[in-house]
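Once you've had a glance at the structure underneath, I'll fire off some questions.
The letters A, B, C and D name the chains in turn, as written, and every chain counts its residues from 1.
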Amino acid sequence: MRATKRVKFVDSSTNYNDAHVILNVGGVRFETQRTTLKKLPATRLSKLTPQLSFYDPVLNEYYFDRHPGVFSQILNYYRTGKLHYPTNVCGPLFEDELSYWGIQREEVEPCCWMTYTKHRSTQETLQTLDSLGLDTVRSNMIDLIKKFDWENDLHFMTTGQLPLAKRIRLITWQLFEESRSSIIAKIIAFISMLFILLSITTFVLRTLTIFEVAEYHFVDVYIGDNSTEKTPVQSTERIKIVDGFEIIEWICNSWFAFEIVLRFILAPSKRAFCVSILNWIDFLGTFFFFFTYILYNVFNYDGHQAPLDLLSTISVARMFKLINLHPRLKIITISISNSSRLLVLSMYFCFVVILIAGAALYYAERISNMSKSQIISVMDGIWLALTTVTTVGYGDIVPKSLFGMILGAITTIFGVLIIDLPMPIINEIFDNFNRHLLARQQLPKQRRRVTQ
Amino acid sequence: MRATKRVKFVDSSTNYNDAHVILNVGGVRFETQRTTLKKLPATRLSKLTPQLSFYDPVLNEYYFDRHPGVFSQILNYYRTGKLHYPTNVCGPLFEDELSYWGIQREEVEPCCWMTYTKHRSTQETLQTLDSLGLDTVRSNMIDLIKKFDWENDLHFMTTGQLPLAKRIRLITWQLFEESRSSIIAKIIAFISMLFILLSITTFVLRTLTIFEVAEYHFVDVYIGDNSTEKTPVQSTERIKIVDGFEIIEWICNSWFAFEIVLRFILAPSKRAFCVSILNWIDFLGTFFFFFTYILYNVFNYDGHQAPLDLLSTISVARMFKLINLHPRLKIITISISNSSRLLVLSMYFCFVVILIAGAALYYAERISNMSKSQIISVMDGIWLALTTVTTVGYGDIVPKSLFGMILGAITTIFGVLIIDLPMPIINEIFDNFNRHLLARQQLPKQRRRVTQ
Amino acid sequence: MRATKRVKFVDSSTNYNDAHVILNVGGVRFETQRTTLKKLPATRLSKLTPQLSFYDPVLNEYYFDRHPGVFSQILNYYRTGKLHYPTNVCGPLFEDELSYWGIQREEVEPCCWMTYTKHRSTQETLQTLDSLGLDTVRSNMIDLIKKFDWENDLHFMTTGQLPLAKRIRLITWQLFEESRSSIIAKIIAFISMLFILLSITTFVLRTLTIFEVAEYHFVDVYIGDNSTEKTPVQSTERIKIVDGFEIIEWICNSWFAFEIVLRFILAPSKRAFCVSILNWIDFLGTFFFFFTYILYNVFNYDGHQAPLDLLSTISVARMFKLINLHPRLKIITISISNSSRLLVLSMYFCFVVILIAGAALYYAERISNMSKSQIISVMDGIWLALTTVTTVGYGDIVPKSLFGMILGAITTIFGVLIIDLPMPIINEIFDNFNRHLLARQQLPKQRRRVTQ
Amino acid sequence: MRATKRVKFVDSSTNYNDAHVILNVGGVRFETQRTTLKKLPATRLSKLTPQLSFYDPVLNEYYFDRHPGVFSQILNYYRTGKLHYPTNVCGPLFEDELSYWGIQREEVEPCCWMTYTKHRSTQETLQTLDSLGLDTVRSNMIDLIKKFDWENDLHFMTTGQLPLAKRIRLITWQLFEESRSSIIAKIIAFISMLFILLSITTFVLRTLTIFEVAEYHFVDVYIGDNSTEKTPVQSTERIKIVDGFEIIEWICNSWFAFEIVLRFILAPSKRAFCVSILNWIDFLGTFFFFFTYILYNVFNYDGHQAPLDLLSTISVARMFKLINLHPRLKIITISISNSSRLLVLSMYFCFVVILIAGAALYYAERISNMSKSQIISVMDGIWLALTTVTTVGYGDIVPKSLFGMILGAITTIFGVLIIDLPMPIINEIFDNFNRHLLARQQLPKQRRRVTQ
């Protein structure tokens, strides 16, 4: 009525009628000028003509079945030429409206960039969480067949059943890979874990001096009249450890070897299997055990052994396998790997600062008193700078001169600064994952998937 | 009028009339299409018919006495099929509207999960604060009778008064459990606190060397011609402490024993009493005192005594009782226990990293120079890794080789990372409690309860 | 028109007319039921009658010249009985509306407590900033006269001019108290600062061994045949310092004495002067200098002097006076004092944890190996626990046994936790002050005052 | 219609008509009283008269083509006299509206100061990011000609081409300054980087003892009967290093010298070139190398050399040049320099606390037991306080007395507090830069510029 009356009264002044446009967006009337709408050419509102089906000639208005609140923000873009995100609705909702009205969301003003990108990072976080498969306890058959690429199996296509061999492979695979899928799978997972713990305990304990058994070489010693005598000389290189440890290690590694071989044979995609870092840890840990055993006992290698032992450290890394047990531990790893680029850059920055501080400390100490100084090379200076910047402060090397102390003080304060600078960002990445993980867990399972 | 006119004009095109629905929500008119409302079947808006009492045939609109601002968000759900939380009203308000309109709040889009769960965590926080009873100075009789389960007491039901014995029990209970309920209760609390402080001071001081009194065994020593002589030999195992301390300990522990026995007798629920950790600390502290006293003085036990003394450390834990004194100290405890799961996981992660770093440090030092190395077992490597990761850096064990130093540096940086990763989450939990605690204290007491 | 028509049509059903109320709030029409408005008795809307001046009988609506957006939130309170703060307008705006509509803001729902109190804390922060007088460069005469309480001065009331003596006092006061008020005031402030720096430099340097002058007592020593000889014996108690320092100290302290006496004499309120901690530092620093000087040189005191020297440490605290120089340093102090309650509680909590850890460490070391242990009393254990919890880790005392190490590890991790727990709250307090300080500085000076 | 009818009915009561004003803002009608609009004199709304072109006499309303949502907030300013920022739209949008309505944004209420300044700091951040030129890979010719101020070059103006000499200069300049502009530029950047790394490696390694070559002076020693013999005496001052390092240093520094000279010659603005800190590092590093070389080898300088070597530390700072390689490293530097004022103040505060703590620790140790104390001067006390406050805790100086320990403990806790206090602000500055950097990178390049 209101509008019709206006039509009546203002009919003569076609100017006014032409100029004003009434847009009924979801029941709320917006009024603007036609010239305003022409400002953004290739959009839905710039092409309004009375011939359109959603034009109501009686009320002289265009009807759109859209969100009225958000529209006031969109119309403002026409008015001011600046696209701002509203902050009372969430990003995706506004972006849906933008795409309906035919507006490029990249046109957003710099002040709203954060709002613009926030939604994107949320979606990335959610997709990462999705891809971790935290909720999968037991894949269903169809998914598995797809995974193993057996959809075109003849037997399966005719009878709807896989041949026995493939069925066994599937079940065995599930036993080893989906640790919560059945009771037997749980038992296998438990055994595997036990062997890992046993192996690590052995690893730690066997270096303790109380378990060492002195091993002797027998060396011929000439005595008096040309006769030789075998004299035991304690081997300094290779220390024999009590036999119990060796037996335990043999058992553990046999299991690991069996497990890795079986898992490799069963794996649907050999390439995916070989790309996994955890599998490599597993393989190398086992491989080095047998390799060093053969080297020492078959080839009687007697040279420098420490580097070999260092390699066997990798077997401790097997503990990382236990991380799969809990979603939150998974997201710790994900957070660290997601912020790895920032970490590397921070470390590089740290490294430069430590280098400069180290060199400065070295010369500062040299100037003051060369003889008392504990810093006898730039290397020592760098080590001092490192332990200072990280606030570890072992105290094995310490600045002794006043100038060195002042430099040390400055290094300390800079250290705290540089170490802590990227912290909140990494923390936020973890925090973000953690919150969404917790949020997910409060939702029913079927609502958790982001990707359809 | 506006609407009636439209009815008149558009009557012929029943199509248009059917298609459009006008919803008057709290005075604001929303317009949408009937097909839009049919998209969500089992909701209030999908079942609109002109027969409904809130249908106004004159204006051809449905009237709802609800929040118009929030409704635009709800109608948008019908339009786009995506349920987004508005951010200009708080969660519970929106959820009330959702339940009015018959929409499942679990249908919320992933981008709004955080908003969805935020309200829930706030409510949990508030309920936890409520359950701490921070404002309770003195429970009223009725609550107490309910607590003691004496509602069905015959005497009470007939006369409205508890029998004398029960009344005394109630009053005594209140004296010991509600420390701010009366002046006598305050005095008792003060005495109790004094004894705790006295007992702890004794505990700390008695090990100081200045208070030690050497104790001697008399050993028969053979002198010259078959005669023996008693020679004093200082006992290395048990060191006698000056008598004063023993008397103080006796007094304190007598009070503690009296208190715990009385509190147990008076407790309305023996089970709740036995579940409390603070009560166990109290009981064990007192028990071990008497137990060791009897062991030494009655049975003249003379063996290894340190393990027994370690147990007596628990008496220091009595100080935790003093935590009840201040609400903010209570929420520190609550925060730590609420984030205990995350803490355990972080420690586990830490532990794995320390183990790997420790093993690597051990072998790194062995490769370079075995003789100079301070790390003589993996255990030492782990200890070094631990002190490094936590940035404590005692400096008792320090990497000496270049390779060890580099590993130490990496460990340090990783350490800072891992230790600090869960920090903000735990901080936030505490922060959350703290803010709500402060917010509560600004409200009048009767408005503070969340649960009705 | 719309409304009038409705009146016509619905006149018969007085029921409908009575039930519905139209509220025109700032041009936006809200519709609700009369029963809804009766839910909250003593409010503006519950008492609506057509007799009111803002009732428009033609449109059958009540007109209110208020914010329409916020009103939808207020009307919702009537509908649902729950008062929620909107989050698209700031707290004070909503509270103004609440008070207009006669609603108690304490009725706010628990989920909005944070919003409710946020505004209050902002206001407190702003008032604190206001009270610091950061912008005051030079008070104007009228304020000063009010401050000195000279409004009723006879001379001033008759001539409008203060008597000469009072004018001199005022000007001198300004020279010493408002350091930026004039060039002479700046010079005085600069001189004062110089003396402080000089005094502190002297304080630090005079303990360096290079500045020490050995002082000898001459002791009579008996030689051979009854004759005595005076032999110099270096005094171990009192070490004489080179004369230069003494002269500098005399000059500095003379200035300080002059300054404090003058400032006391000029002070408008002696009580306010005596309450200030900075004045006490100033006074005690100067007093102890003269006191010890007299003691040593006049009374020839020769006893234990260290306690006296400890007292003179207070003169270093004079540096705190330099804090007045910068607003941001002032807010560091304010932040720390504002969070002092939380700090004390955290320290108490820390203290309990350290005590327990210390006792446990002591006994853990005793069990394993008493002879090797560096922890010979609970005190040492507490010291170790302290250096560990704070991650300082001096390394002077270190756990040596496995059990001690494990306890140390746990202590470390707990330490980080407890130390860091209250950190973000204190940080936020500082952050809050800092942000508002920066925000203030961007505003024109006359807009900065919060309190009118 | 609605309004026209009203005009009809209320015509008699001109009072009412005069009092009420209807403002049609973008289609939404706001109603207020004329007196309300008169409250703020010099604004657009205070000067409303029916003669204005946007006055619609039929509807008796003023039409404004502006954002209706924001207007409710502006009208509220007229009503309450308090200007609050809305929080559902971003700052700049509101400020555009404010300027349209002729309202001073400085009138904002204190509670909205944060909102008011937030936008400003965002803009500053964006402009800083803009000025870093992170996206510039290769400047186009016209920009370069403008940079070199060759717009008025005769040859260029006539032929549109630069003379050959200038073209060569331009291309060479681009090779050295825009490292990603062409393949040759990349190669030059790579070579430059290699030389930097080589030079730094040499710098670090040459101080290691294994590379030292003992240098001997031959001293005449008198033997027996007046004859002298030349005896080699190891020079303690100047240690000769193996020749290889010297050659490498010569090559590196020759390149650096060549590079800096060439870059200086090519530079469009010599002043801008001389202001750059990185250029100074570059120049001084190279200069000191040649200077010390000449000093030792040409002038055979044999005195105290350490200060000269300290100067050569600056060559390590060349690594800062590598920071230009990555945008995120650039923003670390920017963040630190942006928060330098706060850092300096924090350090000053730290310094005062350390001074006081140091003096207190010195005297505390003296009182208890002077002989055992490791703190023999206030300087030592300050060093202990410093290592404690920063939680580095070297452990070279440690409090030995109970009183010293207690002071140490207090210092520790205060230290953590003071060091961490400004941290979140600095973190936020970095975080802010980092977020906007990431946000930028998600936008198409042509949308990234803030300044037009």
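Assume contacts are C-beta pairs under 8 Å (C-beta built on N, C-alpha and C of every residue); 3 or more make two chains touch, one makes a residue touch a chain.
In this text, all values refer to a predicted model and were calculated from it rather than measured experimentally.
Asker: Looking at C-alpha means, what's the farthest chain from chain B?
Answerer: That would be chain D.
Asker: Name whichever of B-D and B-C has more C-beta pairs touching across its two chains.
Answerer: More C-beta contacts join the chains of B-C.
Asker: Suppose you list every residue number at the chain A-chain D interface; are over half of them used by both chains (same) or under half (different)?
Answerer: Under half of the interface numbering overlaps between copies: different.
Asker: In angstrom, rounded to a whole number, how far apart do the mean CA points of chain B and chain D lie?
Answerer: 41
Asker: Centroid from C-alpha atoms only, then distance chain B to chain C, rounded to Å. What do you get?
Answerer: 29
Asker: Would you please write down the residue numbers of chain B that are in contact with two or more other chains?
Answerer: Residues 1-2, 4, 28, 69, 87-88, 379, 387, 391-395, 423-424, 428.
Asker: Considering only the defined contacts, which chain D positions touch chain C in the complex?
Answerer: 1-2, 4-6, 9-10, 20, 22-23, 28-33, 36, 69, 72-73, 75-76, 79-80, 82, 84-88, 106-107, 109-117, 120, 342, 345-346, 348-349, 352, 355-356, 359-360, 362-364, 366-367, 370, 376-379, 382, 387-388, 391-395, 398, 402, 405, 409, 412-413, 416-418, 420-425, 428
Asker: Note which residues of chain A are touching chain B in the complex, please.
Answerer: Those residues of chain A that touch chain B are 1-4, 24, 26-28, 58-59, 63, 65-69, 87-93, 96, 119, 122-123, 126, 200, 203-204, 207-209, 304, 306-307, 309-310, 312-313, 316-317, 319-320, 322-323, 326, 328-329, 332, 335-336, 343, 347, 350, 379, 383, 386-387, 390-396, 419, 423-424, 426-428, 430-431, 434-436, 438-440, 442-444, 447, 450.
Asker: Which bits of chain A are touching chain C when the two form their complex?
Answerer: 1-2, 87-88, 391, 393-395
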